[in-house]
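Each in structure tokens, the structures are laid out below.
Look for chain A in each of the two complexes below; its partner is chain B in the first and chain C in the second.
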Partner chain A sequence: MSQTHDTADRRRQDEEPLVSLEDVEVHFEKNQGLFDFFEEPEVVRAVDGISLDIEENDVLALVGESGCGKSTLGKTSIGLQRPTAGTVRYRGQDVWAAKDGRGDVDIPFDEIRSSLQIIHQDPGSSLNPNQRIVDILAQPIKLTHPDVGPTERRERIYSLLERVGMNPAADFADRYPHQLSGGEQQRVALARALLMNPDLILADEAISALDVSLRVEMMDLMLDLQEDFDTSFVFISHDLSNARYFAEHGNGRIGVMYLGELVEVGRAEQLIEDPGHPYTNVLRWATPDLALHADGASEPPMRKIDIPDPVDPPSGCRFHTRCPEAREACREACPALEGETGAHRTACFRNQPDHEYWDSAPLED
Partner chain B sequence: MDATDPIIEMRNARVTYDDGETFVLDDVSMAVERNEVVGVVGESGSGKSMFASAMLDAIPDPGRLSGEILYHKDDGTTIDVLELSPEELRKFRWEEVAMVFQGAMSSFNPTMKVGGHFEETLKAHDADVIEGMARAEELLADLYLDPERVLDSYPHELSGGMQQRALIALSLVLEPNVLVMDEPTAALDLLMQRSILMLLQELQEKYDLTMVFITHDLPLVAALADRMAVMYAFDLIEVAPRDQLIGDSGHPYTRALLNSTPNLDAPLEEMRAIEGQSPAPINVPSGCSYAPRCPLATEECREVDPEFYETGVGHSTACHHWERARETIDLNFEAVEDDAVGADTEDHA
Partner chain C sequence: MVNYYVRRTARVFVTIYLVASLTFGLVRLLPGGPFTLLRAQLLRQGVPADEVDARIANLQNIRPDAPLWRQYIDYMGALFQGNLGESISLGEPVVSVLASAAPWTIFVVLVSTILVFVVGIFLGSLQAYWEGSRFDQLVTGVSISLMSVPFYVVAVIALYIFAYQFGWLPTAGTVANGVERELGVPFVVSALKHSVLPILSYTLGAAGGQALAMRGNSIQVLGNDYVQVARLRGLSDRRIATRYVARNAILPMYTGFLLLLGFRLGGTVILEQIFSYTGLGYYMISALNANDYPLMMGTFLVITVALVLGVYVADLTYSKIDPRISAGESDEAY
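Right, the complex of A and B next:
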């Protein structure tokens, strides 16, 4: 946080959510081949009209299939991806207005960017292969605390390495990234993000590449550090059981995305136990359990296996082409995310007892 | 299960590098029964990919495979896989035992349409192309793909899940009896992984296939497997029918692995990671290789490498203290049979 603001400003900023997304859209133009030169470029609607607040010390887990836009939404919420419409605010400051120098900028863009950090799925490619761990971790300290001398810097790095479970630190500090295991690389990436004193860390499939047996350990570490460092987390995963573990331990929410839209959001335990959207139910089906005498892999509660092309998403409710409960009404109108902000919210007509959905004909194909 | 009709028998398979200095598969013996689905589970670096490659004598150079791999054909004759000539091995690998690896993108030639891959494979094996392509279309349809569209697409025009399914169809086009899969769904999202598992089960039933499915993801393969095998430090440490392995495993490592798995039904507080790290191929400890991490380890474990103990019907466990493991290491999930199944069906009703 900056020391440059007066108390009035500070108080106003404290009342604002840490990060607030309002009607955010991210549309990408798809790369065109040489012969498609004269045609209209195809537009991928990665994120379409999402509003969401992230508070201090908050945990939000985003789940969904590949291509549902969860990663794009995550990057938009930390100011790494500019939305094509809508606003992203950090403590009330419009992030992209700060970047462009539009209006009164209370919080400079550089400060926003350093407050919002990311750890990637593949830590191997996000760590410079030619630098030793100690040098990789020295950079953020040099940036945030230019007055700290080399000895103190090394001490801080060692104690943080130990804090992220890399003991003894001296053994690891002088190694290069390729000399570490995937789990160790991810710990270094986490340590590097923490050295920026971030308010929010985006963990973008940060545990997906780890062995199943190491995932719990890595999530526990992130949650421990969340308390110590007062950080919020946006945790992206395609695995509902990991999202549940992280969100429930962090006392946070799960957001379910489908083809660029948020279709359900709620407290972790409530969303898992009482899913309001048929798609959330599909994700539950996809989550393996260790039930005995299970009769093998059962049929999924959906009509088609493959997700439609986000260039040309289905009309109405985007899930209607796969939804086992879909009716004519779902093809025509798009259900909004109903419910109070902060409550369990679902975008499905089935939660409205007097909706015309109930009188329309089921879809079959 | 009685070992009555094995299709592949691996005996004392060893893979070494550096002139025998480094073991990456250490004296592994296992029989795969005809028409069963075996799930082989191990962490990264446990040697599970070597296990898969050894079955087809496909160890990457300069690794050396020793031991015996026997393949029992449908007609009752037996092939010694390690004695095959390169040409015989090439035919064996597609026509008897096929293999699917993770990452379809690297298995397909990016400049050739998917249909071209099927035709080329059929021609290379002197198979009837028209008949073979009809089979290809049926296999693609079995995998919930639109055959016409997929055959006419370049690999990059398909999603990752479609590519991987097309690759499975390709591996089956010459009608092999056995399908060996090494992390075939690892790069895909969970929903696609589970969908593919369901499809594999349908294929297995329709074509009477034998399947060996290798993965680090125990709960994933548990949905498909009849029998499961757990690898640790380049060796098998427990083999059992699926329900036995999940509900009554005797090896402390298997129990730790089960308890470390995030699970929607497990109470959150009891999930825990496995302490310590698995050994590298150059310093596998003497005695039991799990002893340095094992809460039950004794002097005996550090000195004597445990052989397999019979710990149930068709259940083998390489642990001196399997009885104590069952008594003292509690499983954190509800292995309650009928409840679990009931809840399951209710969800999909």
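Right, the complex of A and C next:
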């Protein structure tokens, strides 16, 4: 009986996406000042109603302006940030139910915890300054393979260091983090994340702090190692050209976020060549090597530059205050992310030929 | 490149030499001169002038009629041999006065400074973990209040309450009168009893300051990404608290500890006066009151040398404790 139950579970887990977000909302209460005791606390809607699946060996690049919630969404997907509404599932297991011990827990939280790892933006602050590189890298091995002896552990560390391009490994291994360059520190952070044998790594602006010349190298390294270690990546960037490079070479998707919502998601080439959302077009305009018409680059394809306040986002489509294509309908109704899971999906009325949008009057300011 | 440690050690001797010269110079500059008063007294008592000169020379290892450079060389030469002259008011060699006084001061300062850091680090890290909680607010408030009350006020109040009102603890001295001055249970118990109030009043305010410093450091370290990654790796909370947070938060306080140790030696001047605790500070004040210049110079010299040594030890050991500071090798390229 339990045998069949187990296999059924297994099958269900195999069919489930690696990480699945369903209607996830993350709202932060703004800190109150001394004198606003009697006022309602202001709520920042960092992430608002996003559903998203991440498969095995998947690559998802999230782009958007600062403050659009892409980091919060990334942290929610690896279980670092508890969503205020909606569910996050890891292979079908609700991550926060496992953490709280609610219901039937198929996968213990510790296992989920070690399967989802992160690489931070600032490599300097992500390594303990008081540990040598070899000690930093030894810890994940001690945790995942407690039976591996010190000699073999050292060998593994050396071979991984060489694999991430740090030669001679023996020389690097005995240094402290401050004796490495930013790029080298980031490689150590990547190696440390990989040694946990994770299923998903969140690269939170992981290359933004690096020299421009090192960025491509680092992205190539991450993608190379993805094949060896069998991991998925959620890659967060504010630079569309980096996101495009990573998603294209990793054969993955790009997700575009605006004010806490996912407005477009699709395969890299398709999304860049044929953006379905006017905001994606703005991002493309803002990325010099992607702008299709060099002469048209002077005028931004939006009406206003100012970003609305995330405490009080605009009604209807959140982009309507800046969108060059906005019409009356956009002010009232909020477009949902249309399309099949996995396909190119866009949250814009313009992709629905029979929507009332086409009959309403254009917005003028 | 000359070894950093050699250079640093040489600097200690240079500093001490300069301090000694300064003491010599300052005493010469004092209005009336150090021995004018004494000479006047002796002459008034009818002591022959020759004998007066001899006695004064004996007191400070100088011949008052010799040229200044000669006096300076004599003074430094005697100092080099460990001879600080003879105390005028006590009629004993200054070195032996200092030798009997220093252990008490060192005991009080060392114990109270260690307590300051132990209590401060403990409270500060708890505050950081429970940042914003009632406990945090309470300890912050109490710390700031204690910091703003000078230790001598605490000392006087503590003395009034615990020694005079309740009579739990002795009011003055280092050990009770009847107790033999040799290492034994009665001596240790009596010495501890006498030191409770000085140590307590010297610890309270400073501990509050260190708690606030530790709180700030810990909160900063807790915000670092490597702490978050360590949690993600499933390391135990205890290991994170000790190896990751506490270690990195305490490090910057280590230099402060040794510096404070030196500075607080100087602070005992007032403390020991309040408790009539016969340590270095006590003798410094009585030397000042009695115009006992050799003793004054001796205590001053000892306190300064202690501070110089504190900084020296801090400098030498800090690179051993914090790998980010490489002693003098910062120009080595990596």
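We take it that the second predicted complex is superposed on the first by the 348 of 365 C-alpha atoms of A that agree within 3 Å, B and C clash if a C-alpha of one lies under 4 Å from a C-alpha of the other, contacts with A are read in each partner's own complex, and residues count from 1 in each chain.
Going forward, contacts are C-beta pairs under 8 Å (C-beta built on N, C-alpha and C of every residue); 3 or more make two chains touch, one makes a residue touch a chain.
Just so we're clear, the structure is a prediction, and the values are computed from it rather than from any experiment.
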Using the superposition on chain A, decide if chain B and chain C clash or fit.
fit
Is A:I272 touching the first partner chain B, the second partner chain C, both, or neither of them?
first
Taking the C-alpha centre of chain A as the vertex, compute the angle to the C-alpha centres of chain B and chain C, in steps of 10 degrees.
70
Chain B versus chain C as contact partner of A:I254, first or second or both or neither
neither
Looking at chain A, does chain B or chain C touch a larger number of its residues?
B
Just checking: does A:V59 make contact with chain B only, chain C only, both, or neither of them? Give me first, second, both or neither.
neither
What is the contact status of A:C330 with respect to chain B (first) and chain C (second): first, second, both, or neither?
neither
First, second, both or neither for A:P129, with chain B first and chain C second
second
Between chain B (first) and chain C (second), which, if any, makes contact with A:R192: first, second, both or neither?
second
Which superposed partner A:Y176 touches (first chain B, second chain C, both, neither):
second
In Å, how small is the closest CA gap from chain B to chain C once the two complexes are overlaid?
8
How about chain A: which of its residues touch chain B in the complex?
65-67, 181-182, 211-217, 219-220, 238-242, 244-245, 248-249, 272, 281-301, 304-307
The residues of chain C that touch chain A in their complex are 224-226, 228-230, 232-235, 243-244, 247-248, 251, 322-324, 334
Residues of chain A touching chain C in their complex?
80, 110, 113-114, 116-118, 120, 122, 125-130, 132, 139-140, 143, 175-176, 178-180, 189, 192-193, 196
Which positions of chain B touch chain A when the two form their complex?
43-44, 144, 159-162, 188-195, 197-198, 201, 216-220, 222-224, 243, 246-247, 256-258, 260-265, 268, 271-274, 277, 333, 335-338, 340-341, 343-345, 347-348
